[in-house]
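For clarity, chains are labelled A, B, C, D and E in written order, and residue numbers in each chain start from 1.
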Amino acid sequence: MTVHLQNSLWKLRTSSNALYKSVYRRCFSTQDVIEHRNRLFNNEQKRQKDNVGRIEKIEVRYLGLPSNETLIMNKNLSTPFNCAQHFSEAVCENAVLALINGKKLWDIHRPLEESCTLQLLHFKSQDPNLVNQAFWRTCSFLLGGVLQRILKENTGLHLHSFPYPSLKSGSFVHDISLNVDNWNPSAQDLKSMSIEMMKFATENHNIERLEVSHEIALEMFKDNPFKREQLPNISNQNKGVITLYRAGDHIDISKGPMISSTKYISKVKIPSVHKITKEDSNLYRVQGIALPSGFTLSAYAFDILGQRAKRLNTMYLPVESADPIHSDEAPSMQQRI
Amino acid sequence: MLRKICKVNLIQNNLINSQYVIFRHLSAKAELNEAAESQEKKKTKKPKKALTDMRFKYPEFLPQPDNRLRNPVLERIMRKDMLDRRTQINIPEFYVGSILKLTISDPHSQGKTNSFVGICIQRDRTGLYSKFALRNVIDHQGIEVMYDLYDPAILKIEVLKLEKRLDDKLIYLKDALPEYSTIDVNMEPEILAEGGNIPVNDTVVKMKPFPWMQKWERQGLKGVEDLDKHLNLWRKQQKVKHDSPWDKYDLMKEYRKTITEEEQSEIFSEIFNRINKINEQHKQKAKAARRTISKPQNIG
Amino acid sequence: MNQAEVTKLMSQLKIALKPRHRNLKTPLGPEGRLDKLRQTVTALIKYERIELFYNRADEARGYTERLVSDALRYGDTHKPMMEMADYWLLEKQLVHKLFKVLCPRFENENGSVTKMFNAPRVYPADPKRAYFKRVVLELKGNPYPTITPDSSYRNKNLIHNVLLDAAMKDFYAEKERQQQLLEQEQTLNSVEESKK
Amino acid sequence: MFPSSSIMSSLKAVTRVSANLFHTTAINNEVRLLTRLRVVDNSEIGKRAMMEGKPPKTIHVYNQKKVGFIGDKVMVAIKGQKKKGILVGMKQMQKPKTPRFDTNNVVLIDDNGTPLGTRIFVPIPTILRTILKEKTRSKGADYTKLLAIASRFV
Amino acid sequence: MLLSRAFKSLLNQPVINDIRYTQVCFHRFRSVPKLRIPEWRFRVERKIKDDNLTSENQKFIKEVVERDFGKQVIHKGVETYESKTLLKVPEIEPKTWKKGTIRCGVIAKKLGHYPLWKKDGTRICTTVLQIVDNHVIKYIPPNEFEPKERRPLKKYDRKGCILVGAESVDPNILTANYMGMFKGSGVMPTKHIFRFVVDDVAALPPGTPLNVSHFRVGDHVDVRGKTVHRGFQGVVKRWGFKGGPATHGNTKTHRRPGSLSSGVKSRIWKGKKMPGDMGNSWRILKGLKIWRINTKTNTMWVSGYSIAGNPGDLVYVYDTILPLRQPKEPLPLPTFLGDESALPEDIYEDSIHKFNEPSIIYEPEK
């Protein structure tokens, strides 16, 4: 589809919504859907930045190496990454996730809203559990993007959701729906999937966060029946605000937080895909394992993890036939995202 | 903005100091761990003296000390073969300076056996390669013969006189007066009391005039008379020039030439039981043989 | 290929040794080589941690190990040992340190007496010497802070450790389950046999 | 798969040393051209030469190598004459079980292999019995006559 | 005072576990020759040795290795793994050996020299070779075997190839690429790997152990090894030139090659012997007799001292190709299939004197 056509469609959309819908459904491929989503995302991001208006200053107290410092930053513009830039390149590289006021997790590329203390977290810090979870969540999130890239259009791919990250379950997962009945990917397919994910990681995208209103989110995910279902519940809980994340051109709903960039993902393996529903609907669970950069593991040890991730991960299954052991712990649908 | 850049530089300069502090912090932890560990460690056992003393009696069981040429599997096979050979022939304890009588089967001689009496002037090499040299002066002709210790053609090794000399090698007897290496071919064996120390023969040898086979004056020999009277000025100067009095302080040179105590005890503990059994068998055999010989003499 | 020398007994050194010595080129030849090493050994016993070039450090390390092990073996009443210590330690008060401080310290030591670490090259360096490796040589149990962080402490919260830990629990749980199944089968079999 | 070059380079030193220790010169006590020998039989000419302190010189060794080994035939210059002899004792290193003598001993013979003397003073090695038997041809010289006049074998 | 304050602030903070050392890289001043692994061959060992795993996890991985490959044991003088579960016991049919049939070879280690005495009293020089824990990894049949060498393919026509591995190792130290070569074979990853071109008759299934009983006493073998690397050497050492005289007014030409060519030709002939890198090349010593075999340590005694390489180096042992030293009796094809444990510990050639036999006595002449 040419740029010209896209522009005309954009105009069409703004003029009459109903007509646009019919056209959209007929001639928009998944690629076009993604582009449309990104355009909306960009517009909203720009709008929010413009709304900041007069720049106010906040005091950020930085704790950590090389030394504790107080920095004067811009409200709603400066991010923790900007703070790290004041120190050195090494500090920037090691900043994966921020901790604000010693309690709240904050994305590295999310603008700071008020004066606070700031700590930067890394995979190898003393207690990296929070970072590990953010990493695991990011992997799930990216897996959705990879599947969108790699699967053919006639498969009817719709991303369902990805659950709360659980390292102990042994794999990160992403649930998808297809119009294929019994998809049994070969070893080569799985391998190409993990290679695609590695490629995605090496593209080195910063992961952006954006809070949008319910309407815009609905507009973005109107082609996805599952998201359409989930959105009202989420917006009710969060006072009409929905959090979106973007890496490259892939956008999804998630509560966050996530790590700062895709470049921290070094070793990926996608060992299995399981069908998790019965015949009426085709929900699949794609499972994978990954390690952040700077972590080495022998091929044999990594294979042990891969073998374990082959089994179905029963954490927070979206259907009711979930494993009864985990049913108590499983949060509701809204919490899962 | 300028101020900030300055600050960054300062911080980078301080970075080394802060790392140093981290080391200190960790080191406190490490020391504690080490202290705890050292309490648990027990003193290692010292090797038994009986084992390490076997090194004088059986020097050929110790491998050559160059690590590059050693292999534990090969050494073990070789030791087994050596002990197998020792079951067939009694290889007695002898040293450089002892007088031996050797009987071997010789395809060239008329009776197909041959024997030689002489003073042992050298023991060399290790394992199945170990060899020794005997020297004697017969009919005013100095003769030396080298034998492999584990040669299957050897029929009998008799020690006629068990003693040590002041030096490790008596090769200089070639250039000494012939009386020092002249031994009676029909010499009777001298029997030593069992368990006693091996006597050290401290004869000092007089040398023949030049020419010599080797530069004996440079070798620091103990069993040789003062050699200075043989030397001219040039040779005396050369002796001083080539002297290396610092060699005795070279600890690692010494170390690289030896097999360590731990390894020695490991080797000798492996062969200890079997070699003692073999020695006892040979003793009993010798007793039986003596009885058979002595009986007719008594009657006669 | 000659026989090992057996007159003197020596204990095994717990360090990696080169099969042949280094010459440490000097105009004085082998004597000068030992002179160089004497200085290094003396400095090591005195300061307990020194930084120098690798070749000389590796050579001096062996000599220090031998000196301490001999001092432990013979003690301070042995005349040749005292002569040796007198030769190797250029400052005579260090002879006391060897017997009174280091010997008690290393009495129960099972491993080596010294430690060697790679050191960074000085930059900017003298171009003639920039090629050579530098190391830090130290006696064990010295009063300085350690050079490397303690390797015995591993963070179990690191992501690969967490993943492997979970896999381990799975592994052992399955092992137990299989054992239980086996036991159950055995008991069933035994019951059946007893019935028969 | 194969050892590092450091070991190989250190082995070089060993080979260098052994190469230096291995001589093929007169220090090895070989019997070559112009080597002085000792006559050990009681032939007239031999006795006189030894008494005068002018022992015979080797002027030819009858083998391919031009280095005399035990049992080899040599031509010597003795008292201004050319005589042939058999080497019966060698100063150079010998194989195990073969005796090594302090001097290079020779027994003078004529062209038929008959010794010039009637007795040999010193012991001769037993291996000569085999060597000389091998060297004797049916129509050539008979060297085994030499064994008959030997006083003692070693 | 300052220090203690720094301490307190640090104690509240997370301590970074790995400390990065910044190092300015110098250019190399000397080019040190090193082993370069060709592109098509995988790196065997991982560069990174420490993965920062906790001791419990290390123990766990060890246990998984033990589950997969058995416990660490010393088998026939070599450190290896039990690999009970892995060793398939495939039933191999014995086949009849004809003259010219090429069997599989073995990977052996040169242990050192050894003297043996014959029954007539002469000493012979032998070298001991130990067969180090050999297992067949893979058999590539003739129609699939396409060697990448520049040699004509004709030579390999109708020949298969057996991959043999030696010395099992802990798979945690190996690279993923190298481990991939053992996938599906059921054999534990080995430190060394080598290929033997064989006839289709001599094919062996993966997992078959190759022991010293593959060979027989009295037969002849060819041994291939890499010679000792002596570095850059002059003509006197490398080619045995005579060099120049030491004296008689000779200057600077003591160890030089002298003239390189004639004035008429006025160029250098190809293959002229010149200074250069010496050693480190493959050499085959052919027609070596096997004098003795020890089945307990998997060792064999082979005649000669001049097998290429240092003690401890690897060599490859084949049946000899020399026409006059072919075995008189048919060789066991594809390998020895009988009971290993039934064989005696030491097997000697008939003319060799055993060490536990009485001393040699010659019969007197008549």
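As a working rule, contacts are C-beta pairs under 8 Å (C-beta built on N, C-alpha and C of every residue); 3 or more make two chains touch, one makes a residue touch a chain.
Chain-to-protein mapping (UniProt): A = TGS domain-containing protein; B = Large ribosomal subunit protein bL19m; C = Large ribosomal subunit protein bL17m; D = Large ribosomal subunit protein uL14m; E = Large ribosomal subunit protein uL3m.
These numbers come from a predicted model, not from an experiment.
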Point to revise | If a chain touches subunit A and subunit B alike, it appears here | key: C, E
Review point. When you take the mean of every protein CA atom shown, which chain's own CA mean is nearest to it?
Key: E
Study note, to complete from the structure: Most heavily contacting pair of chains is B-C
Point to revise | Whole-Å gap between the CA centroids of subunit A and subunit D | key: 96
Check your understanding: Once you find the CA centre of subunit C and the CA centre of subunit E, what distance in Å lies between them?
Key -> 32
Review point. Where the CA atoms of subunit A average out and where those of subunit C average out, how many Å apart are those spots?
Key: 50
Review point. Can you list the subunit D residues in contact with two or more other chains?
Key: 7, 10-11, 96
Exercise for review: Note the residues in subunit E that touch 2 or more other chains, in rising order.
Suggested key: 15-17, 19, 51-53, 61, 64, 123, 310, 312
Practice item. Would you pick out the residues of subunit B that each touch at least 2 other chains? Key: 18, 22, 26, 68-69, 106-107, 110, 129, 148, 151, 153
**Study point:** Touching residues (chain side subunit E, partner subunit B) in the complex
**Key:** 3, 6-7, 10-11, 15-16, 19, 77, 111-112, 114-115, 117, 120-121, 123, 128, 130, 294, 297, 299, 310-312, 353-365
**Study point:** subunit E-facing residues of subunit B, complex
**Key:** 18-19, 21-22, 25-26, 68-71, 73-74, 76-78, 81-82, 84-85, 87-89, 105-107, 110-112, 128-129, 148, 150-155
Exercise for review: Mind listing the subunit D positions that touch subunit B in their complex?
Suggested key: 7, 10-11, 40, 89, 94, 96-103, 105, 121-123, 126-130, 151-154
Check your understanding: Where on subunit A is subunit E touching in the complex?
Key -> 63-65, 68, 90, 121-122, 124-127, 294-301, 304
Review point. How about subunit C: which of its residues touch subunit E in the complex?
Key: 120-121, 123, 125, 130-131, 149, 151, 154-156, 158, 160-161, 164-165, 167-168, 171
